[in-house]
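Here come two complexes built around chain A, the first alongside chain B, the second alongside chain C.
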Partner chain A sequence: MKKIFARKYLGIPYAVFLLLFVVAPLIVLFYYAFTNSTGHFSAANLIGFFTDSNTIGTLFYSLMLALAVTVVCLVIAYPIAYVLAKSGFKAKAVVVMLFVMPMWINFTLRLTALKEILTAIEGNLAFHPFINSVIGMTYDFLPFMILPLYNAISKLDGNLLEAAKDLGAGDVQAFLKVTLPLSMPGIVSGVSMVFLPAMTNYVVLDMLYNSTYIMGSLIGSYFSAYDWHGGSMIALILLLIICVFTLISGSAEEDEGQKGVLL
Partner chain B sequence: MMKKIKQVLALTVVTAVVLGAFISDSVTAFAMDGESTDQPIVLRVCNWEEYIDEGDWEDDEVIDLDSGDIFGENSLVEDFEDWYLETYGRKVEVEYSCFGTNEELYNMLTIGDEYDLVCPSDYMIMKLMSEDWLEPFSQNFFDEEDENNYYVKGVSPYIRDVFDENEINGESWSKYAAGYMWGVTGIIYNPDEVSREDASTWHIFDNEDVYRRITIKDNVRDSMFAAVGAVKSDKLTDPSFIADPDYRSLLMDEMNDVSEETVLAVQDYLQKAKNNLYSFETDSGKADMITGKVVANYQWSGDAVYAMDQAEEDDFYLEFAVPEESTNLWFDGWVMLKEGIGNDPAKKQAAEAFVNFLSMPENAVRNMYYIGYTSVISGGDDGRVYEYLEWNYAAEDDEEDVVDYPVGYFFSGDPEDEDYILMVPEEQTRRQLYAQYPTSDVIDRSAVMWYFDPDANARINRMWINVRCFNAKNIPVPVFVVVGALLAGILFIMIRTRLKNRDTGRQ
Partner chain C sequence: MKKAIGPVILALGLIFMYAPILILAVYSFTDSTTIGAIRGFSLANYITLFTTPELGEMIWGTLALALGSAIISTILGTAGAIGAFYSKKRTGQVIGVVNQIPVVNADVVTGFSLCILLVVVLGISKETFVPLIIGHVVLSVPFVYLSVIPKLKQMDQSLYEAALDLGASPAVALRRIIIPQISGGIVSGFAMAITLSLDDYFIATYTKPATFDTISTYVVNATRGSHTEIKTALWALSTAIFVIVICVVIGMNIYRNKKDDREGGLV
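Here is the complex of A and B:
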């Protein structure tokens, strides 16, 4: 009896899927980004993006927003993750669950509620569009920051801290020299899980009435104006930014696993 | 070697079986497309979301006109299928789907989605016409003798004239398009906070009395129209301009002016107004108006009616004003697509029957009641649309402050027609009735917004992006430096972490 199907054939559906839904769209994206409306090769879209103060401004605004969201998330999430991981709290799992649970509720629903709360506090949402966007996105992305941090800190070996103290380090010094560097992989993966979506998630801005475009809405506006070429180019540039970011942070996450084994 | 061949063979067989199943399916479907009358005609309709009566009314929602009750039990689509079988003796199956914006519909068509009958707005109809997408209506559709031709028998003379007079490449709209709903644009406002006078100009968007409490539409065409009205306000309201014998066509030209100079002025205006706005909105404006977050809101007449109805349920009374400069007269109309209809006369006949079915006066009333927009149907000899208006708006016998409200321009083509003067409570001249059937002076200053050529389109789209984007020139240099340094710092830390981890990995 000879085997007709080897195990590797099970991979065929995935290969087909990847070809159809990843490779093919990318080719289309490239094609549109580097052609003009007559179908000829053109770098005008690329040059246009970097010479127009409006598109550059939008990129800048998105970066600034994403940066603010990431910093706020990190500042809020780190202490929470630290306390959670360090405390001998028996109901730890429950507390972690409390932070994860909001993710089960549809995020537009949560934003609608947030909108009403912010209106009650501020009176008029339109006075603080940037801050509102930061609050909305922080609310949305906070769990993505807490979980990797929690994982990284709880893996931390207590003996290392004891050793640091034996060798004369104070609490602050032990934190800075031991805890913080060892939780770096968690920070990196948390940052990349917050920073990248924050650059494009324009639904939050729309729902909280920030009328300024970010990268996501800019791409959308090109497509609704039938300018598929310009829109594709911006999408491509965004893709490249994300690529660079993931390449750097991705390998840090990879190593996180190895480290766990080592420790 | 043998093994490989067998594997390949096995795979081929499996693929062939699966593919075969598909192909035989479509072959039979294709064969059945032929002459056999037992098979239902499949009619693919694509309409705006929530833009048709879906039935399922509550019992107390019945519209009890003197000439009989009108009630939406089933959806109009189901009713059409029944009616078609009864009238023409053949089964029709409607595949009904929806689109969200005209641009979305156009993109759907360009990537190859096939429909037989779609319902875009005026300018998209013009675009589709000029790009040769559309199938003209048949001769029979315009035959008033045919008792089932409810559209030609029932369409308002006013709308018919507009569809006849407006042309694209020498062909009038009416050849390709049958109206569905129509209306104007204006400002819905809270009379406690905003005066009617302030709301009656497009300059409301830069009026500081409504600082950050007014919304504009989040699409370039509507905002452009309003901004042109504001920028040209002085000229448009000048009595000598209005008295000009060519006023109507001059007004159209002014409101459709997309010269570079005007687009720049519009950009300036919108950039200035942006700072005064609560938001750019597509759908949320109604809710924000009702909950009092904003005090004025740029709105299409049908949505204004909806918002006023909703607010009234909480005893909160909103009003509607149409700016003095001009207002955007808009239509949504049914058009048949060449690619969908193909050479299938049965399908074309069914598509036309669908339009006629929706144009039956009782169905027009059901739609108006259900979606709040105004049908283009006045009913012709059938008085039920006018009766519905009376049922809806006529003053009670004991009411004070009753005024005449002539709507003859719509029902008979004569603004002074004494048969079509409603007796309504005075406040209705500022509320739902005024939005649903504007007075004839509003109609006089209305302008259709054209579909623009690609150059002009590119210009106004550019303008729009400029308005909405954050301009890098507004950023002070120090901010640039700080943000750049922060980003570089983050990248540096990440790279360092990565390198460090590598080192530890090697140990």
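Here is the complex of A and C:
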């Protein structure tokens, strides 16, 4: 009897930790979002968010930016992942490593490098804030898109492609009907690793002198103003978006170790 | 024609990812303060980097935080994974789901919510470093859990039972049978925890003491300021980190190849 207990009990500290520092903060967040500074129930933050044209504009701008970044990342990452997965050259492992390695260099330092280059090219970054932000985020998030795509395309059964061709499909048709649908899990998990950070990572915008707010910057500004209630409501709305996103991609994300495979 | 296009795509991708870092590396050895005109060779940036106390404190602080939070995360996450794996199916599932929350959540939300709970509600001062360390553990512990769980699933379950039958206590069997078999997952979880902590900006911003800076928070503040000496010293830091990462990657590959050779030799 005793032996079974010994292993099971090892999980208790972690369960307590999760309860205290993962579940409890979300409950507190919920409480703060729906109360005002006097501690009374209030839906003012919620109504305020959806009736203020500034915050709605921020939500819209974040979604547009995230969409643009995701599409650009996907368009750049897919061919790279495809070539990597299909090629049989000897140094493949090294090249894959080269594409993953930037993830291990501090992102603010990488952005500093990008910023200096963009400044040298454009002269003044302030002229193209949206495009610069898309470039910055693509630069930052690209490895996170390449890796899941590479994993998904590598796993693809080559026999299926041959079968498609034997049955008369052309290259394009075989790609559209076989390769693309089968790499869907990789696409979904890559998209979910890029889209959400693109809505919230306001440091990229700050560093590239884009002064427009995204959802993350709203939390930042409420934080600076010690407005916990307003910030909590933004955080809650973000959580809601994340939930919807996770549910949509949930079925394709069965591969729970996706991010855990990064190393 | 068709053969040439693959390498071209890869080359373009690599140029996009590495050109900025490499160009900055070149300029870090000059006395220029902007990219464009190279003026003269200079090690001034590296001298500033290694002699400015403020920069040194920031780098050592970042490393200490990464190491400390990674050690806590590794112990907590490994124990948690073993515990969850051998608990009732239902319990394990619940832990697995809650474990996913910080993974899918935006770091801004995680950092902000921890700040409210720990600092605003519980009144723990940020100056104690407690919120910051807890924040970084929350950030990385799920990934330790996620890298250990697959190893537990692959493990030969009967070895543990055999050890117990042969008279080992559960603690000894755990240490001598289970831990060695999942060590690969523990090590990669630890490495992941280190890199997540080193890369973090948001959790640190919302939970750190006012006078303490990590590399990320320092760099972001420095880009807002107009201190060119510090700005170009950060180019040197970026170059140094780039070189260290390359060395670690090469070292890891050599180690892996050797291990493969050895294992291949046995078969």
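In this text, the second predicted complex is superposed on the first by the 249 of 263 C-alpha atoms of A that agree within 3 Å, B and C clash if a C-alpha of one lies under 4 Å from a C-alpha of the other, contacts with A are read in each partner's own complex, and residues count from 1 in each chain.
Convention: contacts are C-beta pairs under 8 Å (C-beta built on N, C-alpha and C of every residue); 3 or more make two chains touch, one makes a residue touch a chain.
Here the structure is a predicted model, which means the values were calculated and not measured.
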Pick one for A:F107: touches chain B only (first), chain C only (second), both, or neither.
second
Would you check which partner chain A:K155 touches, where first means chain B only, second means chain C only, and both and neither mean what they say?
neither
When the two structures are overlaid on chain A, which partner does A:A15 contact: first (chain B), second (chain C), both, or neither?
second
Touch check for A:K92: first (chain B), second (chain C), both, or neither?
neither
Return first, second, both or neither, reflecting whether A:A225 touches chain B, chain C, both chains, or no partner chain.
first
Just to be sure I read the superposition right, which of the two partners does A:H128 touch: chain B = first, chain C = second, or both, or neither?
neither
Looking at A:K165 after the superposition, I want to know if it touches chain B, chain C, both of them or none. Which is it: first, second, both, neither?
neither
Of chain B and chain C, which one touches more residues of chain A?
C
For A:V23, is the partner it touches chain B (first), chain C (second), both, or none of the two (neither)?
second
Once the shared chain is lined up, is A:Y32 touching chain B (first), chain C (second), both, or neither of them?
second
Based on the A-chain superposition described above, do chain B and chain C contact any of the same residues on chain A, and if so which?
2, 4, 6, 9, 119, 207, 223, 256, 259, 262
Applying the document's contact rule, which stretches of chain B touch chain A when the two form their complex?
3, 6-7, 10, 101, 103-104, 106-107, 212-213, 220, 274, 277-281, 284, 293, 457-458, 461, 464-466, 468-475, 480, 483, 486-487, 490-491, 493-495, 497-498, 501-502, 504-505, 507
Okay, in this complex, where on chain A does chain B touch?
2, 4-6, 9, 53-58, 60-61, 63-64, 67, 119, 124-127, 184-185, 188, 191, 207, 209, 211-213, 217-218, 221-227, 248-249, 251-252, 255-256, 258-259, 262
Contacts from chain C onto chain A in the complex sit at residues 6-7, 9-10, 13-14, 16-21, 23-24, 27, 34-36, 76-77, 79-84, 86-87, 91, 95-96, 98-110, 112-117, 120-121, 134, 137-138, 141, 143, 145-147, 149-150, 164, 170-171, 173-174, 178, 188-189, 191-192, 195, 198-199, 201-202, 205-206, 215-216, 219-220, 223-224, 234-235, 237-238, 241-242, 245-246, 248-249, 253
Within the complex, chain C is touched by chain A residues 2-4, 6-15, 17-19, 21-26, 28-29, 32, 76, 79-80, 83-84, 86-87, 93-95, 97-99, 101-110, 112-117, 119-120, 139, 142-143, 146, 192, 196-197, 199-203, 206-207, 216, 219-220, 223, 228, 231-232, 235, 238-239, 242, 245-246, 256-257, 259-260, 262-263
